[in-house]
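Chain naming follows the written order as A, B, C and D, and within any one chain the residues start at number 1.
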Amino acid sequence: MEIKTYIHKVQYYETDQMGVVHHSNYIRWFEEARIYYLEESNLNYENLEAEGIMSPVTAVECRYKSPAKFGQSVKIDTKLQNFNGITFSITYEVTDLKTGEIRAEGSSSHCFLGKGGKLISLKKENKKYYEMFSLLVN
Amino acid sequence: MEIKTYIHKVQYYETDQMGVVHHSNYIRWFEEARIYYLEESNLNYENLEAEGIMSPVTAVECRYKSPAKFGQSVKIDTKLQNFNGITFSITYEVTDLKTGEIRAEGSSSHCFLGKGGKLISLKKENKKYYEMFSLLVN
Amino acid sequence: MEIKTYIHKVQYYETDQMGVVHHSNYIRWFEEARIYYLEESNLNYENLEAEGIMSPVTAVECRYKSPAKFGQSVKIDTKLQNFNGITFSITYEVTDLKTGEIRAEGSSSHCFLGKGGKLISLKKENKKYYEMFSLLVN
Amino acid sequence: MEIKTYIHKVQYYETDQMGVVHHSNYIRWFEEARIYYLEESNLNYENLEAEGIMSPVTAVECRYKSPAKFGQSVKIDTKLQNFNGITFSITYEVTDLKTGEIRAEGSSSHCFLGKGGKLISLKKENKKYYEMFSLLVN
């Protein structure tokens, strides 16, 4: 089970009037980290979409532990889990880059859609990607 | 247990290249619906913040059922639950305004912070708001 | 020259740590007001896109006069100008709904793209829309 | 007149249903590049705000030349200009990192606010920062 680490620098426009990062941005950071994870595994999103495969989010959850602030960077440890050819999930741990303090933990669930937006089994429709995904969870 | 219904019109800038609303925006819609719910219950966020009370999100989750698209509007049924003076949660059901098709379901959890960002019990610190919140869950 | 008025309620997630609306959101409000303007003129964006016509932004500018805050609503007066079949521009005046204080003024410029993303003249490619746009500037 | 170069990787959530980056995000990229520029010049935003100085955007404009897409990165060349102690402006040139194709050009104008949100002259209120800003435009 490979873990990959993505670093995000907090942007000013990500803060809200509470003086901390608005909670919705963590969901976007999860996406950044997920796309990075797949890229680093040669499973680039652009390539998937070019082959007519989309992998939308079917569920997402995030538990907020401490607020990230402008001027800080976060480290997101990402792990692909529960891949079965039809669905998979990814877990995320967001920590402060400097202090290691946990900012948030969460996960996202995904399926695969083929052309026309139909649910597909990667095992049947795209052996190459099926094997690449399988490698990541073993 | 009072339910309030909020309507949101899908914006162009909320779509992504999949041709549907980007999943992170539902978390923002939950916030819109929550703020509306509290306003309609005379628990305006601005008033709370003016009294030095903040109510940050401690967790959020969303399950996506069907994609909302530009040109559509959604109806969000919002319900306050599990208020105990220290924490509460809110559930959201997002449906298409026209067809009633379910778009997403989710929830958010919250605590109360006083001046200086300390966790507070509303029961101890602000009887007025404690009673107003209590009314909503009975 | 018809003016249409759109109302936007400031959202919490639109604020930043300065305690006011982040300046980038005004560009999104311009889009909301523009789409509303076109809808009210029977020039719905969805219909345009369904006919294979897109109308991307070629330039945008905004001058900020006073900050909008959470809990307020703004009124955006929108006016279509300089339509010549190939390009047009829209001007926006954002004022506080209650006090009338000017928040921002700005404009956006647009062209028309046909299928394949080529620049088109609406006069040649789509007489119906050409005439509808023309009506708005006279 | 120093130029600094900032690199931004296009995010999936920055795209819209036209299949390209939504135009409002360039305004956010300008902010990223501006903050980077100031940091690299030892004029960190956090430090400025810690001294009670804010530097809000008074105007912004952007001309779009070609669309940036998901999977690409852009290079933003940033230059501080017209600093007079009371206001300054910054210009931005956004090009594709790989091909050098121009994506957009723009600028932002800024003033300085002190505690209480009053307009201030940096020359009078903060000699240290006045000199640091001056160095950048000579």
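Rule of thumb we're sticking to: a residue touches a chain if its C-beta (ideal position, glycine included) is under 8 Å from a C-beta of that chain, and two chains touch if they have at least 3 such contacts.
These numbers come from a predicted model, not from an experiment.
*Asks:* By mean C-alpha coordinates, which chain is most distant from chain A?
*Replies:* The most remote chain is C.
*Asks:* Look at the interfaces C-D and B-D and say which one is made up of more C-beta pairs in contact.
*Replies:* C-D is joined by more C-beta pairs in contact.
*Asks:* Could you please state the distance in Å, as a whole number, between where the Cα atoms of chain B are centred and where those of chain C are centred?
*Replies:* 29
*Asks:* Rounded to the nearest whole Å, what is the centre-to-centre distance of chain C and chain D, using the mean of the C-alpha atoms as each centre?
*Replies:* Chain centroid spacing, chain C to chain D, equals 24 Å.
*Asks:* Taking each chain's centre as its mean C-alpha position, how far apart are chain B and chain D in Å?
*Replies:* 34
*Asks:* Check each residue of chain C and list the ones that touch at least two other chains.
*Replies:* 12-13, 18, 24, 28, 31, 70
*Asks:* Quick check on the complex: what are the chain B residues that touch chain A?
*Replies:* Per the stated touch rule, the residues are 18, 23-25, 27-28, 31, 54, 56-64, 67.
*Asks:* In the complex, go through chain D and note every residue touching chain B.
*Replies:* Against chain B, the touching part of chain D is residues 12-13, 15-20, 22, 24, 70.
*Asks:* If you look only at chain B, which of its residues touch chain C in the complex?
*Replies:* So the residues of chain B touching chain C come out as 11-13, 28, 31-32, 35, 44-46, 70-71.
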